[in-house]
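Take a look at the structure set out below.
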């Protein structure tokens, strides 16, 4: 563990995460990863505590990962199904959160299509001295901190499995490719990667990465952030390539001519990885559109793809975060 | 505990609840409330037992409360999702219940939009000597016993936290305001409040409280039940004001001109609470339409509102009821 | 237990089940049935293991049975809700399975409307050396092995409660009546019953049992399998009558004139059971269309109906299968 004790109550955004906090998450996730390799796979850390999964935006994958993380910590889970909820009866989200608090929820994992919802709930929970922790499970176009932290853990564990630390990123080049404009994953990753001392190269068509994009990034380290409208300069000598999911709606929004053209210009293939560092690894937050963001062959090539590792690490990192805010 | 041992197998209606039964619920809920304040928050009372949540009418709030209560008692939960159920394949509700019994369910919590469904299932389960307990989670316009019992527990705990008992209600005046005609919560509350010796004053527009309403109430204590078509006489010197949720469908049913007019005539505000006993408290079963049944300011005013307390007590009261019928 | 140790990793089909495997399932289910009669009803056999219920075809009944079986074995459950899943985002089923594997799932119960999906996933899981077990929860028109095994266990337990074994079937006559063409339950039952040495008599209207049907059955014991287009020859001296659920869609597919005519020609009633062995018993996988496959009176007659027993045994048999493949 780190010298500084953990004090953060909510996980909302990585914009103000400190190096000590990143390292605490990485160290704690590393020890939980060992727990997951043991026979029982459980620790009693959150016994008696209630984790409410409040996913106003549907997501089986992320919800399952949080659910499993909470179960491994022996917490009780309440799954909130938006379709059958009081919200359809006109209740506000703050009132729903207060109801779950009154019912006994200790941690609420909130995913919502509107940016800022988890922060708003967290502020209200603090105002009421509720003691409840809010965990942003992805909000609008804003942040997806647990995804970026599991990406970070995946990269740092690859660089030093026994002792993953933020400083391992120093001097690395990371390319982030795809629909950066609409990606909360990209925003959170930009925060953590810049904090770790990387060079971060963004590559996307101009419609998905407007020149004004940099102004939306709140970081003192922006001088190590670069924007490209072509793939090659982003990939050259890159150590890691992070691909982003392409929402099919972007086509009907007239932001892209076709999936096929997108793949021809920005799809990652074995051939294009030749531009990178020979040790390059590819990440994707999933679910992947095979043959769009990545070629199908590359996705299945364990030499390059870290996608399975990301999912596995997701459980350990979410255990670490629930543990840190839940104690 | 009370002198009389608990014998009731099903929780269907409060119409025939005895004073001993009310007191057993209040005493048991009080001890479970202490469990909920402890570190582990769990007791092994229902270990190995299966509670099936059969919510034919969707409800996240009530289902979560039952689910949490059952988990705190160490029971296993089966959640029955009507949308994906065999009912869409033409099976009867009795056959569905028999299937869950055969699978091992010990307690079934049934919510249904038709009055009488839980009673019917209970009768069939008894006829078959199944040993299964049925818990009415709200049926049509009939009864919602756990809601009324948590309201009762909330009131009695306020009057004597250490020793909540039905007799504490004697001589109190309680106003129930809102859509009484369509409220199973009101019907159950009328039963428990009259049993405790309250004066119960109903207030609503005539369309939501027809003069024939009293005839639908099955109680020997009807002489302490009063009907008003204006708010003031109901609120004057009241000790507790119970507000009811207003379904928006009542507008399209032509039973109300507008939500705004309803609020002007029957909405509870700080100003109108001046008519009541200065120590008055306000309850609402939730979810609240802010600015309709209550003003938004009043809802958030901890001096008057018991709404959060109701939700918290809901878990303890449901634990008590599951415990009493499950043993 | 049997002399041969259990080696099968996946439960996909009964086509190649050996006698030793059938007996291992029956013996193990029998001991779990005793556990279910004990006070705690749980064993720690799968503690720390994760069972993912992946029901691409909705089914509350079968999913609940698997869920309860897994809970009784102390496993953790992940319920995958197809409506809110990544599949709506274009991910392939194999990629979804790989994601659940990466997340930590040890056993995946897969139900899908397409025949072959569980097998495909199992082959991919083996190719990847994942160690994951796949359990076919019903695939298209192909197989539903756990249903046939619980039917088998129900029959063999009736013949010898203490020592249910496949060989007890020898010389028995079993009729399978109904929509055989579209029934994966029938296909799996034909495999197990023929393996046990029964005579199996199929009865259905020609549209639901074409003369070519026998060619779809992969069994060396086909000489004990008979096809009838009338009920009587199938029922004469039968020891067991297995009825199959009739999908109402068959009417709109023009395969049946009406439910009423179906019942008149193939519905099982007390009267028609007179043709059978006096000790005859009737099975149905559920949910039953009362008055179609069976008369309502017969369904409720404990002298003949094994329907409730089938549901109860379903949990024990699924515990046995999860236990055998999970260890």
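Just so it is clear, A, B and C label the chains in written order, and each chain counts residues from 1 on its own.
The criterion applied here is as follows: a contact is a pair of C-beta atoms (placed from the backbone, for glycine too) under 8 Å apart; a residue touches a chain by one contact, two chains touch by 3 or more.
Going by UniProt, the chains are A, B, C = Aspartate carbamoyltransferase.
As the structure is a prediction and not an experimental result, all values here were calculated from the model.
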| remark: Expressed as a multiple of 5 degrees between 0 and 180, the CA superposition of chain A onto chain B rotates by 120
| Any idea if chain A and chain C meet via the same residues, over half in common, or different ones? | different
| request: Would you mind pulling out the distance in Å between where the CA atoms of chain A average out and where those of chain C do? | output: 41
| field | Residues of chain C touching at least two other chains | value | none
| Residues of chain B that touch chain C when the two form their complex | 47-50, 76, 78, 80-81, 83-86, 89-92, 95-96, 98-104
| Residue ranges of chain A touching chain C (in the complex, touch as defined) | 36, 39-42, 58-61, 64-65, 67-68, 71-72, 245, 248, 286-290, 308-312, 314-315
